[in-house]
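I am attaching a structure below and will ask some questions about it afterwards.
Note that the chains take the letters A, B, C, D and E in the order they are written out, and that residue 1 is the start of every chain.
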Amino acid sequence: MSEKKKQAELIEEISGVNPLKCMKCGKCSATCPSYNEMDIKPHQFVSYVINEDVESLVNSESLWKCLSCFACVERCPRDVKPGKLIDAARQMVVRQRGQAYLSPDEIPELLDPELPQQLLVSAFRRYRR
Amino acid sequence: MQELINRAKELLDNGTVARVLGWKAGDLPYDPEPAYFETAESLKDFVYNGFCGANLSKYMIEASKLEGKTLVCLKPCDTYSFNQLIKEHRVDREKAYIIGVGCKGKLDIEKIRNQGVKGIESIEGAEITDEADMLKIQTIYGERSVAYADAMLERCHVCKGKEHKIFDEQIGESKETKDGERFDEVSRIEKLSPEEKFAFFQKELSKCIRCNACRNVCPACSCRKCVFDSNKFDSSQKANVDSFEEKMFHIIRAFHVAGRCTDCGECSRVCPQGIPLHLFNRKFIKDIDELYGEYQAGDDTDSKAPLTNYTFDDAEPSIVGKRG
Amino acid sequence: MKYSYYPGCTLRTKAKDLDDYARASAKALGFELEEIEDWQCCGGVYPLGTDEIANKLSCVRALNAAKEKEQELVTVCSACHHVMKRVNDDMRNVEDIRTRANNYMELDEPYQGETEVLHFLEVLRDKVGFDELAKKVVNPLKGQKIGAYYGCLLLRPGKILAFDNPENPKIMEDFIRAIGAEPVIYPYRNECCGGYISLKEKDMAKGMCDKITESAEGFGADMLITACPLCMYNLNKSSKKEIPVVYFTELLAEALGVKEACAGAAGEDEKEVQA
Amino acid sequence: MQRIGVFVCHCGSNIAATVDVSKVAEMALMEPGVVHAEDYQYMCSEAGQAKIQDAIHEKKLSGIVVCSCSPRMHEATFRKAAERAGLNPYMVEIANIREHCSWIHKDMEEATKKAVILMRAAVAKVNLNTPLKPGESRVTKRALIIGGGIAGIQTALDIADAGYEVDIVEKTPSIGGRMSQLDKTFPTLDCSACILTPKMVEASAHEKIKIYTYSEVEKVSGFVGDFTVDIRKKARSVDMDKCTGCGVCQEKCPSKKAPSEFNRGLNNRSAIYTPFAQAIPNVPVIDREACIKFKTGKCGICSKVCQAGAIDYEQKDEIITEKYGAIVVATGFDTINLDKYDEYAYSQSKDVITSLELERVMNAAGPTHGHLERLSDGKAPKEMVFIQCVGSRCSDDRGKPYCSKICCMYTAKHAMLIRDKYPDVNVTVFYIDVRTPGKNFDEFYRRAVEQYGVNYIKGQVGKVIPQPDGKLLVQGSDLLDNKQILKEADMVVLATAIEPNPDVRKIATMLTASIDTNNFLTEAHAKLRPVESPTAGIFLSGVCQGPKDIPETVAQAGAAAVKAIGLLAKDKLLTNPCTAHSDELLCNGCSTCENVCPYGAITYEDKEVNDHGIREVRRLAVVNSALCQGCGACTVACPSGAMDLQGFSNRQIIAEVDAICR
Amino acid sequence: MSIENKSFRPKIVAFCCNWCSYAGADLAGSSRLSYPADVKIIRVPCSCRVNPMFILRAFEKGADGVIMCGCHPGDCHYSTGNYYARRRMTLLFSMLDYIGVENGRTRVEWVSAAEGVKFSDTMNSFVEKIHSLGENVRLGDLRCRN
């Protein structure tokens, strides 16, 4: 099996998503609040996985713009739920050491006294292993 | 017992019933047998004690064909069988006058014998009114005593309850006898390896002498003619000792009563070879409960039986392998 | 009536008042929140990966603790609630996760999702009843026009959280009515505030919060309520509008007349923490 | 003992290439009862059949085994051949040595061995076969149509024109159905009422057609050719014979707050009402839930103003029992409930409507008298957005997995009509795919784009956001531009998925007709028998079988009529002889079999039997062989083995088992 | 296929309902999808016609495996037959498992008339399973008489 295919299968396995169920209606992208910040749009995530181009996905800015707000998960009519694919791609990045989106030294300057723990905890979960 | 006899006399006298279906004393103190009593005088032989395990429901199939009503004495567990027979249109409710009799657990003479009690002459403490926890047994070797609970039938240790499911009147108190879980033994066997299971059942079934006692006593085995006696399923080799039915008899019998068996335990009680036949029926009951929802045959007279019912999302047969 | 209670880390610190008001209101309404012993942080986000087990164990522990006490488990924080319900759903319905989590946990009896997880609002709706709540209100918040801000975590995925209609919820509106105020329905009440993104992408969060507050004000809201410390932070911090945002428990405590009592206590705790 | 002939077919080389056919014939002669065996090139050919017939005569055969292709192929052929030679056709059995043997095995020895075993099993079975005779049942020459929409009307007219009596049962107060609610029809844009009303009139005037409106089917018993149906005629509270249809009662009725079903609840109607002006019959009904007289006992105005004295508050539901030979289901559809699609703000904004509601808005008799206006404030819209596939093509449990089929076309129709009548209104359509197979259909859609300038955007809408100023912000995808767009609209129209009328479940159960997971009635064969239910005597017309537009519905209605006529034209029906029957001496009368019979074919009778000299009356199972379809569920349920299935008896199957395991 | 060479040739009885599974087997045939010749099919009108006694009979007569195929639940030609069959077979198989008969010797598979591939795949895997279990001795030997 080619490396590309393995990567695509891995992302399907982590996410539990079957991208072939997608009918390309674009409701995910119509729904996404972060759409404009994304370089690869939610609906494109699905076709990237089908086309085994996981490389582009893990290098995508979109991973760090997705809010995990589950709006696309809720509204997807085909049970594809691109949000899960995005999260899986993010997992693939953060599971490789040193690829974290958030480095420890940049944290102090991001903090402010009112910032709730919840924010830090969830950002860490999203950004780092 | 006397209260029961008095009431029976009364009902015979005033013409409510034409006969009484109960138990009469046998030759030995521990073998009363089912009997009809048609006159007040004959009731002198009537007994009702701890050895009256026999379930009289099945006799009502024939009694339903007789003129007039039959007074029948049913213990709480027997009423399930009666209900089930109503559901199957085998007995006529109108032909029965049911006295729900109290029960404090029924005795198993084999259990007494197994405790080394031989040469029994008389037994005290088996009367339904006796409060004693011990049975006093006079033997030719002297007096012995055995705890009542230790002499009880297996089915009484997992009693379904004191409630009569159907009756016209009730006489006598019932006692809680349950001290075990009904499906424990089935669960234990389920956990064995296939080899162990097979060894267990092969050993038990090899004792069978095909005397048909189980079939004859079973209230669910009430077919006019049993499939094992008709030629509907067999093509030719009827007399072959190794024939189909010989081997599969108990499995087929259990399947035929699955969903209809009330777990009255009569089959095991009457088996002269002591085969725990109820383990087959209880396995089906346990599976039905687990797969299709709790179901107690004879609880009522109109619910749909599990094998004549279904849901769209019933378990697939492959669940058997998955459950392990 | 006693419930197991999982406050979560933010309610221990920055959102202490969300917690205090909840406890005080519970008392006033006649139920008790028994804090689970030695609870651990839920992690703030539900790990979506099908192979994530370790990150879910803190929730399983809390859920099992409630099971052992034969109590329902109550949460107040939206994030904790979200994570807890979804982990519980996994334990009920995803065999692989259930088996593996139980292998880690080595409990006497495996945990299989027996515990019922309830949000404080669900307790108000399903256990207390909004009609009953309305009867216990001593200071009805008459004349206040309040917008409910649900955010994402309480509602989605609708099938698993089963909290309310995810596209057109009404539980908070009913709550607002019960405490005597007037709910303002606006379309952005279930849109995301930006969540954790505000740590690094301040502008994005700002854009989203602006949409929410503008829409709420446009429909006439004077105030927003939320159940989530992070939403609260973002809406306060990132929106150009200055519409006040408060925890729903604060209004509840106020309506029930127990606000003053616990405000003092909260203040003291704060001091201790600072000291 | 039977005298059995075994005939082994080569099927050219299809069988003979892998099975040693002469060996099979040779081995057959060693089987008990076999007195003749031969092999031949093509048994199904005329020469092959002649061989069978000759052998029947010469060898006095009582049973036949043909080792050949699947019985699904040629069982009927060989049975007929045997019958022509004077043998009972049910004395023929097939051993399938082609599909189940020669075609799937390569090794000659192995395939031959298996073919021999299959032959033995068939011989063992034939040894126990008994001649069977199909029963006969009569045909009542009247058809029942359930549903009075265009499908039901068309089927009724076609059957009636062939000279048979037809009754239509319609649940609502008038026939006409969904089509009567439509404004214009695609692809010709003619007025729906103009083409439907004449049909309605024709049906009501037809001497062979009887129409029961405001009525429902309550109970169905019987079987093909001889159904007995109870029809509940709900109390109309108006005497149909006396009413002149003047309409004064509706005008004077003080209770005018009931939502109009016909106008999809967009406006209100009086408590006494006819659903629409062209209703047939033109006799109103009193909605007792809304009527002040029925609620409080006071009022009675309608009765006072009715000069014909037709108002009858005492009227009761009436049950009519009638016999039918054929039943046609034409129950139609409704749009799905949109509760699960609140992202489109249907329940939050009055200006978000379904397409069917738009039909009423566009219709001159509708709530806005045909003016296109916002239902919230009556203002004329400038921007209209149409959203396609709302609830269609959804594999989650919110919507329907199928394509509703009609939406693409009616949306093009709506867009075109709006652009034509209100050129200053901009129309945008969000679509996933535009599906327009059909004569003149794609041309129609292209006209909407090219001539009328309708803006089609490929992409679904994520959310409709009501604005404080009353406008609607539509947030959608433009997949071709790869953009998320926010479009301000005055009205949004949802192409809502259609689903079978919810009543169809109940009706299907009464008819024992099968339905699929989406509640569409199942056809007997998806391609070859598309208008028949698998249940004999039940036919399907219109959307109850699957999404359809009007031309397709009318075509199917005609086809269903032809099938029904084909049945009604027969005087007698032959029934399948492979039915269950109960051995009276073994039957316990326990009702177990009755509980599993899907056809209600088993009843119980008290019958006197002579059981080896004992005469007694027993409760016994009796199988109605005209109803029994021969599934065999009862045979296994029967604890005593009294119930058995002809043609597949216990002993026959056991003989096959024994032969295979020998 | 490799198992064709082994010396043990199991006896396998397959009950197929006339409307779906028998037609599925026909389709497997006309598509030339092979499966071992050990499988012999008995045609029954519906899976609900299969009496547990037939299955026990087959085992008693030396069958090594018995498989029953019917229409998919919901697609039964007689609407409900396979629902009853499903319960009956589940309970029977459970009982056989309980008395120590290897569970893999019995199987139920829903095969539609369109599923020729599934039919042949099912038969291949079932025969393979029976091969791995070897000859059926237990049911033929349940009651050992001295």
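In this section, contacts are C-beta pairs under 8 Å (C-beta built on N, C-alpha and C of every residue); 3 or more make two chains touch, one makes a residue touch a chain.
Nothing here was measured: the structure is a model prediction, and the numbers come from that model.
Participant: Measuring between Cα centroids, which chain is at the maximum distance from chain B?
Facilitator: Taking each chain's C-alpha mean as its centre, the farthest from chain B is A.
Participant: Averaging each chain's C-alpha atoms to get its centre, pick out the one most distant from chain E.
Facilitator: C
Participant: When the mean CA coordinate of each chain is compared with the mean CA coordinate of the whole protein, which chain is closest?
Facilitator: Answer for the innermost chain: D.
Participant: What's the distance between the Cα centroids of chain A and chain B, rounded to whole Å?
Facilitator: Each chain's C-alpha centroid was found; their separation is 65 Å.
Participant: Please compute the C-alpha centroid of chain A, do the same for chain D, then give the distance between them in whole Å.
Facilitator: Distance between chain centres: 46 Å.
Participant: Mind checking the centre-to-centre distance between chain C and chain E? Centres are C-alpha means, answer in whole Å.
Facilitator: That pair's centroid distance is 54 Å.
Participant: Measuring from the mean C-alpha position of chain A to the mean C-alpha position of chain E, what distance in angstrom results?
Facilitator: 47
Participant: Spell out, as numbers or ranges, the residues of chain B touching 2 or more other chains.
Facilitator: Residues 227, 233, 307-309 of chain B each touch two or more of the other chains.
Participant: Counting only residues that touch at least two other chains, what does the list for chain D look like?
Facilitator: Those would be 343, 463, 596, 637, 650, 654, 658.
Participant: Could you tell me which residues belong to chain E and also touch two or more other chains?
Facilitator: Residues 51-53, 57, 61, 74, 80, 84, 88 of chain E each touch two or more of the other chains.
Participant: Name the touching chain pairs, would you?
Facilitator: Final set of chain pairs in contact is A-C, A-D, B-D, B-E, C-D, D-E.
Participant: For the complex, give me every residue of chain D touching chain E.
Facilitator: Per the stated touch rule, the residues are 70-72, 96, 98-101, 103-107, 110-111, 113-114, 117-118, 121, 512, 514, 516-517, 534, 578, 596, 598, 629-633, 635-637, 645, 648, 650, 653-654, 656-658, 660-662.
Participant: Once bound in the complex, which stretches of chain C touch chain A?
Facilitator: That would be residues 8-10, 13-15, 41, 43-45, 47-52, 55, 77, 79, 152, 155-158, 166-167, 191-192, 194-201, 204, 208, 228-230, 232-233, 236-237 of chain C.
Participant: Would you tell me which residues of chain B are touching chain E in their complex?
Facilitator: 186, 189-190, 192, 194-202, 205-206, 208, 227, 233, 241, 244, 246-248, 251-252, 254-255, 258, 280, 283-284, 287-288, 291-292, 306-312, 314-321
Participant: Could you pull out which chain B residues touch chain D in their complex?
Facilitator: 65, 87-90, 222-227, 230-235, 256-257, 260, 304-305, 307-309
Participant: Can you list the chain E residues touching chain D in their complex?
Facilitator: Residue list for chain E touching chain D: 4, 11, 13, 18, 22-23, 25-26, 28-30, 32-35, 37, 40-46, 48-54, 57-58, 61-63, 74, 77-81, 84, 88, 120.
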